């Protein structure tokens, strides 16, 4: 099982948590922790083997311990896969990549569906055949209704995590708030360098020697949410804006896939405007 | 010898330049060129062996060819080393690094001196003993006079290239203009992400997963000049602002050293707000 | 059009080639050259605009020039796409990746077919529907016949380039010789570190901190052909052999895709046991 | 204080260690652990605040706990700096780099001396003035005596860690055994690619596209000890063997500095032929 927790720091947290698990016959397989000395918050992720333990009792008892320490916490059986909804637009390289990784077992999740503002035939060359597809077109006028539909879909499908796989639409503040900590976006630029439209063209005009991408949690401010993962690639004066877009696709898909995998494995903990990512 | 040139693109430039060299018994050892299809400017760097040729005649004749093609150009014997003035402040990691690389023959230049707003004993642990040291303290009130002194020094020492090795002072617009294309600064941040003071602290507050540094030509706008070289390193939530400063030092010194080496080998050509860097 | 050439170095090659193009009304858009001072070989790649020129005459005339300079050369209209045959095995991440990149126009080629020693349904989740699929099973006993069939297929489909996209079969010396300079393999390890089977397991046992992949031309010695492209990723003690295999997939597919793109754009020139790669 | 430990895995180790610290009023600031499921060994590093605790009692009591769990362990006050002896040869870029980092406070250690088989004036341009310098020339015939002298020096100076900063001499099996886990070498190549002399020349001849360096613990087999840190840089056909040597210097010094810093902060635990490195 995977336990994550965060709470105000104080003496004995590790001792209490590890004693709790030990007394219930659980064996810790991996544990990482972080003590943010600036904010006084403590973060921990524990992977443990709970074969002998009564899961319901474990959860109930831990709740009592957690309340005493003012913890935010999650406890999940690794066999229970997260349910993930993928939102895409006409640029489908991230969508194709995530679906491929899912099929070969690299991303342990259940895909609850694919949502796009473009019709299904846009993705004819990606194998989506056993996945529910939802065409939810959106315009400025219909955004409110479309988001309502989207939210209904998220609820009906019991979706845990929403991935904006180059969705190209800004979620409203209201919907963003509902999805706090469970909606991941890929920003096609090394944040916070080039905001706004066509960041690769901006990067080209500026003559930068590196371009990058950022995966982050969605908040009201589209490109300013807590960053989960970033990467860059070297470019040169020979690269046209189109070359940057091509190289950018490679960075975007690997950054988004990494960020999603971290999230699926409960490695990402929110720390205010930042994240704690317990990487492997 | 090394020839660099830029001019409006037109047919036959390579043919004319290479025929010019061939007819004078010169052998091209390396050549790189770039045709900027956006701006219509053409850029070229040619390294050639001119053993048989009369250097003065070569230069004179090339001037005639260049005029006809509206070229900006430079022609330099590789044996003539550039004369470089190093400006530092109390953070001396870039200064120490450049001096070491110069001593072991990695940077082919003559150092005309070291300038600092701190006294010589600040650098007691760096071997500057055979280098002229100039203590030019500066305050808001004396900046004008200090820059006049600096400019006089640049002229008297026949300095070709000025390196701001973490100089921590913004050159005035006037002095920047005089040093166009021959003053290199290292900006301790991945441009244009975090402007202003304490960029590593800003990066930490934002929770980024990569930090970097940029070497660029100085223009009136300190951190916005044409970028020559950039690099990044991966960081994590465990890194304190002090860790970022430490990692930043490593990036800064290697980025500045690379940029300076490119400049010393005439690999950097100005292209408006950008550079063309013919790397090896 | 793209011209590539290599020949023993001598004075005036650039002058002669550029004069040749200029006289025929061609405009050089990009040119890179390299003078290997160890072997005395000269290498050049020229991209030029030949709108006015008679292609057949151009080719014929260039042949005369080339003969005089003992050149190996190629001249190709960029509109004529290379014909590429993809060979795969049960690990299909490179195959899926190349087909996706081809569909979105990132790899300018015509795919002449997909060959595998596994049946078509192995690839049901990749969109191969408009591509000829050839199931050519192979055993130790039938290798000779299978390679004969493969060679026949290469000839019948007028295939220019063969890509071993994790084909997992060693081509015989005879077939390798026939495909010299036009068969690219991806070796799932940072050459020449870990030869033989299960390189990621070897890397894990050795406790390395970086793993990588190499794309290279196939020669008789499977993993020793001229290297075209390599890349690495950082790993840690937490990574199991399975994690290395997963991270390896990412490196393999981007290294193979880059190498193939370089080859499709005539950027790769053979230089004995090495390559000259004129990257963008 | 920093506690490191390794022992056969069993339930309750974390619980016992953290309870031990909690009961003695210690506050855990950082902890990382790793359970090697292949070998059944458990590894842990704990940084804690022990202000109230009696250090001697802490150490004594922990010894009792450790014996019961068959631990190898270390417990160190962060204020007690390791004593480090630097061994160099005529290539002094790593030596100069380590000394500089030490002077600016980046490497928390006491340097017990510098040993070289070259005389002191070799290093005239590095500021070694307050460091004991030992000229210990070595030939095949005098190696035995020289190592005896070196060992005596290590003992007399109470040296904890020996750094081969491009020492260019293979330590004998006997001396290597005495220095197990406390002697770090920088190997000027990406292990285990190019063994033997002139690895950069070998890499050049092979036409690789990346070169690297490895820092590792010294064992009897010079380049085969447990790897602590590695890094690479991209190269191209334009790079001569001399360029590779230059780029190699940059990689070597940053890899060695990182490895040493990890060791000084007790982040490196031996795991058979491998290391567990609890990075920051």
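Letters are used for the chains, namely A, B, C and D, taken in the order the chains are written, and counting of residues starts over at 1 for each.
Assume a contact is a pair of C-beta atoms (placed from the backbone, for glycine too) under 8 Å apart; a residue touches a chain by one contact, two chains touch by 3 or more.
The shown structure was predicted, so the numbers you read here are calculated from the model rather than taken from an experiment.
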Of all chains, the one whose CA centroid lies most distant from that of subunit B is A
Given that subunit C and subunit D are copies of one sequence and touch, is their interface built from the same residue numbers on both sides (over half shared) or different ones? same
Between subunit C and subunit D, centroid-to-centroid distance (C-alpha), Å: 41
Quick one: report the Å distance separating subunit B from subunit C, using the average Cα coordinate of each chain. 37
Residues of subunit D whose C-beta touches two or more other chains: 30, 34, 37, 236, 238
In graph terms, with chains as vertices and touches as edges, which category applies: line, ring, star, complete, or other? complete
Per the contact definition, I'd like the list of subunit B residues that touch subunit A in the complex. 34, 36-37, 190-194, 205-210, 212, 226-232, 236-238, 240, 271, 273-277, 279
Residues of subunit B touching subunit C in their complex? 11-16, 18-19, 21-22, 25-35, 37, 234
Listed in rising order, the residues of subunit B that touch subunit D in the complex are 30, 93, 96, 100, 103-104, 106, 124-127, 236, 238-239, 243, 246, 249-250, 254, 280
